[in-house]
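The chains carry the letters A, B, C and D, assigned in the order they are written, with residues numbered from 1 in each.
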Amino acid sequence: MDKTLPTVAQAVAEIPDGAVVMIGGFGGSGAPIELVHALIDRFLATGHPRALTVVNNNAGNGHVGLAALIEQGMVKKLVCSFPRSADPRVFTEKFLAGEIELELVPQGTLAERIRAGGAGIPAFYTPTSYGTDLAKGKPVEEFDGRPYVRERWLKADFALIKALKGDRLGNLVFNKAARNFNPLMAMAAAKTIVQVSAIVEPGAIDPESVVTPGIFVQGLVEVAAPAQEEELNRAGARYPEIAA
Amino acid sequence: MTDRLTSTQIAWRAAQDIADGAYVNLGIGFPEMVARFQPPGREAIFHTENGILGFGEAPPAGEEDWDLINAGKKAVTVKPGTAFFHHADSFAMVRGGHLDVAILGAYEVAETGDLANWSTGPKGVPAVGGAMDLVHGAKRVAVITEHVTKDGKPKLVKRCSLPLTGVGCVTRVYTSLAVIDVEKGRFVLREKLPSLSVSELQTMTGAELVLPETITDLIVPEL
Amino acid sequence: MDKTLPTVAQAVAEIPDGAVVMIGGFGGSGAPIELVHALIDRFLATGHPRALTVVNNNAGNGHVGLAALIEQGMVKKLVCSFPRSADPRVFTEKFLAGEIELELVPQGTLAERIRAGGAGIPAFYTPTSYGTDLAKGKPVEEFDGRPYVRERWLKADFALIKALKGDRLGNLVFNKAARNFNPLMAMAAAKTIVQVSAIVEPGAIDPESVVTPGIFVQGLVEVAAPAQEEELNRAGARYPEIAA
Amino acid sequence: MTDRLTSTQIAWRAAQDIADGAYVNLGIGFPEMVARFQPPGREAIFHTENGILGFGEAPPAGEEDWDLINAGKKAVTVKPGTAFFHHADSFAMVRGGHLDVAILGAYEVAETGDLANWSTGPKGVPAVGGAMDLVHGAKRVAVITEHVTKDGKPKLVKRCSLPLTGVGCVTRVYTSLAVIDVEKGRFVLREKLPSLSVSELQTMTGAELVLPETITDLIVPEL
């Protein structure tokens, strides 16, 4: 069995219009920028995919990665906890113009909903958001005298995630805090595509240290020296590049 | 009594339907035997509830590591690509629909797909283990079983009489006489031993067998 | 901060009568036998603790570890998924004599209930056990046209678990499939006591490979060469030892 | 205007209540400053929502690793004993009651312990992050804040007028003028600046201050 894919272009080739796509990362840390840019390339060449629902903790920063995806008009709806950043202009303008829908979810609830999607748990109760605007319309129940809000699982058609290393079976390890939502999204998507800095032989990752077992991964592609969103933005980068 | 497949042969037949790269959980006991018969060129990846994916065969006697066991508490080994994880992650794989196939034993299977395989009634100490979880989530839940009980009673029935493990969960049954799919609440006969007539098979089955146009001969090597 | 404890006796000294105690392990793999035996020693010396509710996947095997705890009459109730083993006589006899209460829980539900206890999720829905005797009396709800059973979290006063290595902050790694319920129980108990084969310096465990972060651990004690239940039982051992 | 503590001094005061070995989450922005003032001999362990426990200070400029950031997206460092984990495990720590203290900023705190700190109303882009999770689960949820707004309006109020972050969650408030506990739906004054009378403080507070027998002078070093 070999889940490796030759190019980022092929890795994102199957994502259709209207798909629910989870994109890993917390801000730029752990964001699969090259996969997102490959999706933009495909859109610029073919007009697809469009009308995506994207699940990410944030709403992009500057004009690269998720922000660039939004800037191209490919995103219909965003499910996130914190659509602010150093430079959230792209999302902010589309949102205020009514061109993009926002489902705001508390960060821990977002993580747990994604995990629930991956774990076959259709709904769970959490104290988070009880009594707040974000609980409006959601069922509330008391357990042991304390009120809790019921939340539904979150699943996706595709997850685009970033890892440090992966073997051809899809076993993954991450880099420091770039782990964040990536292992959860890998569980919650019908098809999880991973960009890794290095594809290694099975056995090269200690079985004790595997963070995402291969069962949660459907394809992986090597991006040997991935860009870091923070650095791109500090350099004023845009995707696609504009002649300087 | 007619010819019938041995347990080994039933396991062999079930193994033929496991695709290359499939993630598979084999129930404790008889189903574990399926792992022995992976067709050449196919590599299935075996999951065990207690937190291993991609484990290997049993070690030689005397070389067991008792921290490296399967759900049946038998010693196994690691292979390149093995991963360890805790029980909640392990059952996330099960319940979350990530397994391609779960192969389980059965006391009874109903034409509705209901399965009874964990309890023979109120006597003694009840024990369920992972059986009730395994019947949910795997893309295919298959059963391997003798076609009838030791007393000659059908194990494929209209409705289970024993306590249920799961409702409407079984998709295919490999028996000592036939291969039968569960479709829309009916048993559909796919394969049967060539030596056996459909009407003979029907008399040993507790619910009506739907007969499609093609019924294949169930042919299994001597093992 | 130093969470290390000098002896197994001190590690279990605070567990009171009637406590809910989670005990790690799947069968003998990952079972903290020395901590359990220390609890038996305390009981034999002081008559306490007694009337314990024990959460474990199994019900012990032979006459050591959990089986020995049950044999001493210290356990009032057992919450488990599979009270069978090669030699389950101790539990079986007490159960059939009505001397011990059993709450039977499907294994995946047991794991998820413990995780929920640790994660502040008071209840969740699962497809497991729907339509079976083990769902009797539990609320059922449909999501997306499929029925699910509601299950409650499971918490404990104490968890006794076993790990391979731990640092003084309580960061832990486990050994192979001996991980099983141990990291979950560490999350779900007010006080988690760990026996480790080796106490190491902070930093000796790669931060990427920590399985249980120290926040889930309240005390750890070194048991340099822990016994393996399977080997004890094959040797016909009993605890406390009986003169041969 | 009376004397008041600087932000740095409020952070210092809050830091004095953090016990040795405490697990602490500091909200984004102002609360992050609390980490600078751990009393000598005490070692708190800092948690950040994005999956680090026991991280260290910011690295020198130019030495940032942008895969090693805190919830405020600022670069941090590892220390011996650091652990990384994913977001669900991270919020299990929060929601599951494993943190000893969470210290957050506030727009308003009500005498009921209600907190409003995520939204100033329906205008603009709403963003909540981990705020609604952090107010649940930590054994102590403390707020650090100016005592009044820039316009001189009380931030400690009977009932919050802004959208709530959480209900009945705050247990202690460190302000630029006082330290106030929330107990049984009332503000209880514990410490105040010595230069300030109780009645002066009351005029700047939007709900009644309960006065216990002992009210300590709030004395903070020049910082």
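Criterion: contacts are C-beta pairs under 8 Å (C-beta built on N, C-alpha and C of every residue); 3 or more make two chains touch, one makes a residue touch a chain.
Predicted model only: the values in this text are computed from it and were never measured.
Student: So which has more C-beta pairs touching, A-D or C-D?
Tutor: Between A-D and C-D, contacts are more numerous in A-D.
Student: Could you state the distance in Å from the CA-based centre of chain A to that of chain C?
Tutor: Roughly 36 Å separates the two chain centres.
Student: With centres defined as the mean C-alpha position, give me the chain B-chain D separation in Å.
Tutor: 56
Student: Per the centroid of Cα atoms for each chain, what is the distance between chain A and chain D, given in Å?
Tutor: 30
Student: Residues of chain D touching 2+ other chains?
Tutor: In chain D, residues 78, 84-85, 88, 91, 94-95, 136-137 touch at least two other chains, as defined above.
Student: So which bits of chain C are touching at least two other chains?
Tutor: Answer for chain C, listing residues that touch two or more other chains: 112, 115, 119-121, 126-127, 174, 176, 207-208, 211.
Student: All pairs of touching chains, please: list them by chain label.
Tutor: Touching chain pairs, listed by label, come out as A-B, A-C, A-D, B-C, C-D.
Student: Can you list the residues on chain A that touch chain C in the complex?
Tutor: 112, 116, 119-127, 141, 143-144, 146, 148, 152, 173-176, 206-209, 211
Student: Using the touch definition up top, name the residues of chain C that touch chain B in the complex.
Tutor: 26-30, 57, 59, 81-86, 88, 91-92, 95-96, 102, 104-112, 114-115, 126-134, 174-184, 211, 228-231
Student: Contact residues on chain B for chain C in the complex?
Tutor: My answer: residues 48-52, 64-69, 73, 78, 84-88, 90-91, 94-95, 114, 119, 124-133, 136-137, 163-167.
Student: For chain B, which residues are in contact with chain A within the complex?
Tutor: Result: residues 20-21, 23, 43, 45, 47, 53-54, 78-85, 88-89, 91-99, 136-137 of chain B touch chain A.
Student: Could you list, by residue number, the parts of chain C that touch chain D in their complex?
Tutor: 1, 115, 117-121, 167, 169, 171, 187, 201-203, 207-208, 210, 213-216
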